[in-house]
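Consider the two complexes below, in which chain A is the common component and chain B and chain C are the respective partners.
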Partner chain A sequence: MLGILASIIDGVLVGLVYGLAAMGLTLIWGVMDVINLTHGTMIVAGMFALYLLAAAFGISPYFTLPPIMIGGFLVGVALYWIAVHRMIGRPPLMSLLSTFAVNLVLVGIGTAVWGTALFNVDVSLPGITVGRYTFPGAHILAAVLAAVIAGILYLFLHYTRLGKALRAVTNNREAAELVGIPTTRLLAIAVGCGVALAGVSGVLIGTLFPFTILSGDGYQLKSFIVTVLGGFGNPVGALMGGVALGLLEGAVTPFVPVSWTLVIEFVLFVLVLIAFPGGIFASRRGAL
Partner chain B sequence: MLRRPFFWIITLVIAAFAVSPLIGNNVELRESLALAAVYITLASNLNLMLGYAGYINFGSIVFFGLGGYICIWLVDAHSWPLGYSLLAAAIGVSILSLIFGLGILRLRGPFFALSTIGIVEGVQAFVENFKPWGGSSGIYISPEVFKPLGGPGPALWVIYFLFVAVMGASLYLSYGIKISKFGLGLLAIGQNEDAAAILGVPTPRYKALCYSASAFLPAIAGGLYFFKGAFIQPSDAFDLTLSTEAIVICMLGGQGTVSGVALGAYLYEELRGYLLTSSTFSNFQLVIAGLLLLVIVLFFPSGLMGFIHSRFPRTQKVLE
Partner chain C sequence: MTRFSRISLCLPFCLPLAVAAAATAFVAPAFAEDTITVGFTASQTGPLNVDSLGQQRGYEFWRDEVNAAGGIKTGGKSYKVNFVSYDDQSVGGRVQQLYTRLVNQDRAQFLFSPYSSGLTAPAAVISEQYGKIMIDSGGAEEKPFQLGNKYLFMVITSASHYLSGAVAALKAKNPHARIAMVYSDDPFSKAVLAATKQQAEAAGLEVVMDESYAPSTTDFGPIVNKIISSNADAFMGGGHYSDGATLARQMYDQKANMKWVSILVAPADDKFGELGAAAMGVTVPSQWENQVSYKPQFGPTTAEFSKAFQAKFNAKADYHAASGYTSGAILQHAIEQANSIDTDKVAEALNATDVTTFFGHVKFATDPGNHGLQAAHEMVLAQWQKVNGKPGRQVVWPEAAKSADLIYPISASQ
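Let's look at the complex of A and B:
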């Protein structure tokens, strides 16, 4: 019984990081109704940036967060101008295809450069031991950092002019434009923030698990599930969705082989979409 | 249907596929055309969802892979003849996809697209854990199974003609659906699903039927493909490259057109053959497919046929 409890607590810790990853996805989704299919690859890009920076400069993995956040933002802005800008106002099919195409290019280049070998970043932090169970320090620190970054995002969206403008664009783009908000620039910033979040969560996940260039698909699917659980376009809900997914993973892991977890999560994804088309924690549309 | 010129154009294309490698017993041409036939089969069945109903299916490879698995398993473990195995594979996969379809097609637009990605992951995880199908190491079949077809050499010719037949059936099916009431309903869904539902198109049923219909022939193609290689394993059967290429082909030729998809498949196959021969590019196949798709989506969303139709309006009447 205690084992299951420990597994669930660990699941919640990891779930917070998944929640952070899903925030990046749901931010873009909420602001411009575009599903970013490069999301998984951006998470992996964060992991590889972590690996390269940590290996090259020998710095602690956690100090790579600020440069990767800035780099992710710039990549996101570029992504907006390349693949998303011309798709605004066109059928959703088109933006799915354009981000999918960019994803193919990135995965192709990544596979050509790094192959599909397994990479690993060593983090040795003292864990917290309760009875027979030890919670790894990396998991705890990653969860705390994810919560802090999510908190910063919340403050940014609610207490800065730029964040408020972003929420205005989410609610009604035309009205936002009428009151003088430069919407195009804000859409680019939103994609930038979304990709930066994906990169940062990639760093945190990279400190927890080994990864390959193709790991992105699984994490992208998790992000979608979290988004569906938490409600679309609702970053705070995404964090709660992440915790819910973590709870589920923690409760399921002791009983089924690891390779089935994703299948169970996917079934849950479809069931939730059918039962609660707006997401379980959805308050109202565009509640950014 | 027999009176329409396009029907005869399809028939001519099929005849050309069937006859041209026979001239001079050209095995190299046969292999290249076989691949083109697989591409045309996958792309034109994907087109039923993507081009007609406007629903993007990222996981069309599941039909191909599952069809391959069911066929190989029946041939290997139950010693069924190839014909029955192919048929059983196609029917099995269609029924499965009808069940999947009734579930996930209640989701609309992007959510459907997302769940098709999940279906690939789910089915692959299932097959990797499914012991009768050899788990992650797959199934080998012994060369013995080629005996009823006259040994490995002639068997390749039989398989080639079956590939061409499946391709032909795909083209006729695409065209037949396009000129039917069912096809009109699908095109209406593609343009505006709410309006279609209000006008009396039974949208959930049509979508599920379309999804299931688009599974039948790719399953046969998958069975043939892996029978030819005498080996199947999860990473080959559910290789997302092939379903990605099918999407690129659909968009290249022009989504929603029958001839465009066939043309796109042929062109893509030629381009791919050219890229594979130069060693610099063989690693970058995905990159090039991605760049091609991006350029098409950004600048030519209606593809080659859209370009031809707008340049030569008369072709609209002949080339569907």
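Let's look at the complex of A and C:
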């Protein structure tokens, strides 16, 4: 019984980090109906930035969060102007293809520079041991930080002028323009925030697991599942979706062969799509 | 436009083509006569990149050495070795297209395998279909060798013997060990662990958990908790690079308290040492290590190979590099023994091969049910230990080949 409980708690801890990763994806989708297929690579970029900064300056992995968040924002703004801006208002397939193309370029460059070798960031934090089961300190801290960052995003969207403007653009772009909101600039900021969130979640995941330049695909897939569970375009829902996914993984694994976990996840994915086409925690349009 | 001016206009375009065609007509036959073309694919991109790179370097190192020595001497001629290779992107579908191209368009006379069992099996379909010899140093799965293939030869120890040494060593340390077997859901890992389970049970060890996971698994937290719940005190499994390293780290982070950990493939790479304390004590079955000292009948000794490889690539030779080099050395030996480059004669020579190189003893099974399977090479078991204060691999099994004592339980090494 304790084993099942440990598995569920561990699943929820990691699920919070997956939720944070999915928030970046869903934020961009919510504001401009663009599925950012560089999302997984941006998560990996966060991991590599963590590795390089921690190795270069010998600092704690967690102190790399602010510079990587700022760097991620700037990369996101650049991504907007390179791959997204000209696709706004066009069929969704266009932005899908353009971000996919940028993703291939980034993965290609990354593979050429680093190969697909494994990188590891050593984090030594005391964990909590209950009976034979241990919850590593890095997992607990990553979950807490993910929740705090998600909370900050919520406050930003609901209690700042810029956040309110972003929500206005999400709700009705034309109307927002009519009242003088510079929508193009806000769209760039939204992509910047989305990529910053991906980078930050990459840092947190990088403290938990070793990674390669190709690790992004797995996390992008998880982000999609979380986004569907949490509701398209709903960042808070994404966090809850992450927790739900972690809970599911933790609760299912003790009872079935582990190779079935992924099958069960995708069965749930399809069922949710059928029953709740907008996601379980879907919000009404524009309610970021 | 006059007829003359038309010809004048065409001349700048036609002349280089004509010169090139003439040059090809005169040069190509001479090139073909004195060159042996060997084709293969390597995973220059995709998840198999790390291990495939070692194998590819092994191939290239052999080619450069042979060519520097004047080529392969057979039938009264010297043949320089020419490689044609492509990036298979670690994808099975690409392998079949590319090996067909290697045979039909690039006119490869001999083939080397790609890296991994998953890619070697589809490549073997093509090599056999076109009657080309393929030397396999990348795929350890037995299945392709049980299909009646005539031109496929494996220089490495096959999958079912990968963890035999680990089972024997564990039994020597703890005859009542309880083993959790958790492995990637891919052909190689499944073949290894299926055989290991039988060997462990025959040795009187208890297998308390036997499960596979999807190769794309990134978080092993719930799986590690399941291992703890199984009351296992030994772990055997893994698959390829990322999953094996992640498993090792999470078992350490979650204090799974295994007394024994054997993981496939990942710990055979030097980068595994980056896991720090999580790497210490982990054992890995290895086709070859820098510490082994077989007496070669031809070719370099282990020390000579390791030193020259390090000088050429500025990287330490691992078993993928050694097995890649051995593919070339064995092919060369067979061509020289056959005194011909005719496929059937070389295949006959390979069937009769029974030699020792720096890589170990190499001999191929000739019975139709296992034709081409490796019948003599033995693996060693390496363990991550602190060597002069730094993490490194030591050969700990078999006793006769060991360079250091096996540390058990692994907590003693952390």
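The definition used in the following text is that the second predicted complex is superposed on the first by the 274 of 288 C-alpha atoms of A that agree within 3 Å, B and C clash if a C-alpha of one lies under 4 Å from a C-alpha of the other, contacts with A are read in each partner's own complex, and residues count from 1 in each chain.
Definition applied: contacts are C-beta pairs under 8 Å (C-beta built on N, C-alpha and C of every residue); 3 or more make two chains touch, one makes a residue touch a chain.
Please read these numbers as outputs of a predicted model, since none were measured by experiment.
Chemist: Looking at the superposed three-chain arrangement on chain A, would you call chain B and chain C a clash or a fit?
Modeler: clash
Chemist: Could you look at A:117 and tell me whether it touches chain B, chain C, both or neither (first, second, both, neither)?
Modeler: second
Chemist: Now for A:218: first (chain B), second (chain C), both, or neither, which partner does it touch?
Modeler: In the superposition, A:218 touches chain B and chain C alike.
Chemist: I'd like to know which partner A:179 touches here: chain B for first, chain C for second, both or neither.
Modeler: Neither partner.
Chemist: For A:273, is the partner it touches chain B (first), chain C (second), both, or none of the two (neither)?
Modeler: Touch status of A:273: first partner only.
Chemist: Touching A:102, do we find chain B (first), chain C (second), both, or neither?
Modeler: Once the two structures are laid over each other on A, A:102 reaches chain B alone.
Chemist: On the A-aligned overlay, A:93 touches which partner chain: chain B = first, chain C = second, or both, or neither?
Modeler: Touch partner of A:93: chain B, not chain C.
Chemist: I'd like to know which partner A:262 touches here: chain B for first, chain C for second, both or neither.
Modeler: Both partners.
Chemist: With the two structures laid over each other on chain A, which partner does A:56 touch: chain B (first), chain C (second), both, or neither?
Modeler: After superposition on chain A, A:56 lies in contact with neither partner.
Chemist: Of the listed segments of chain C (114-122, 240-248 or 276-284), which one clashes with chain B in the superposed model?
Modeler: Between chain C and chain B, the clashing stretch is 114-122.
Chemist: Residue by residue on chain A, keep only those touching chain B in one complex and chain C in the other, then list them.
Modeler: 108, 111, 217-218, 221, 257, 259, 262
Chemist: Could you pull out which chain A residues touch chain B in their complex?
Modeler: By the definition above, chain A touches chain B via 35, 82-83, 86-87, 90-94, 96-98, 100-105, 107-109, 111-112, 217-218, 220-221, 224, 257, 259-260, 262-263, 266-267, 269-270, 273-274.
Chemist: Looking at the complex, which residues from chain B come into contact with chain A?
Modeler: Interface residues on chain B, with respect to chain A: 54, 56, 58, 103-104, 106-107, 109-111, 113-115, 117-119, 121-122, 125-126, 128-129, 244, 247, 251, 283-291, 293-294, 297-298, 301.
Chemist: Which positions of chain A touch chain C when the two form their complex?
Modeler: 3, 6-7, 10-11, 14, 108, 111, 115-120, 122, 127, 129, 132-136, 138-139, 208-212, 214-215, 217-219, 221-222, 249-250, 253-254, 257-259, 261-262
Chemist: Under the touch definition given earlier, write down the residues of chain C that touch chain A in their complex.
Modeler: 45-50, 53, 182, 185, 211-214, 216-219, 221-223, 225-226, 228-229, 241-242, 245-246, 249-250, 253-255, 257, 266, 269, 271-272, 274-276
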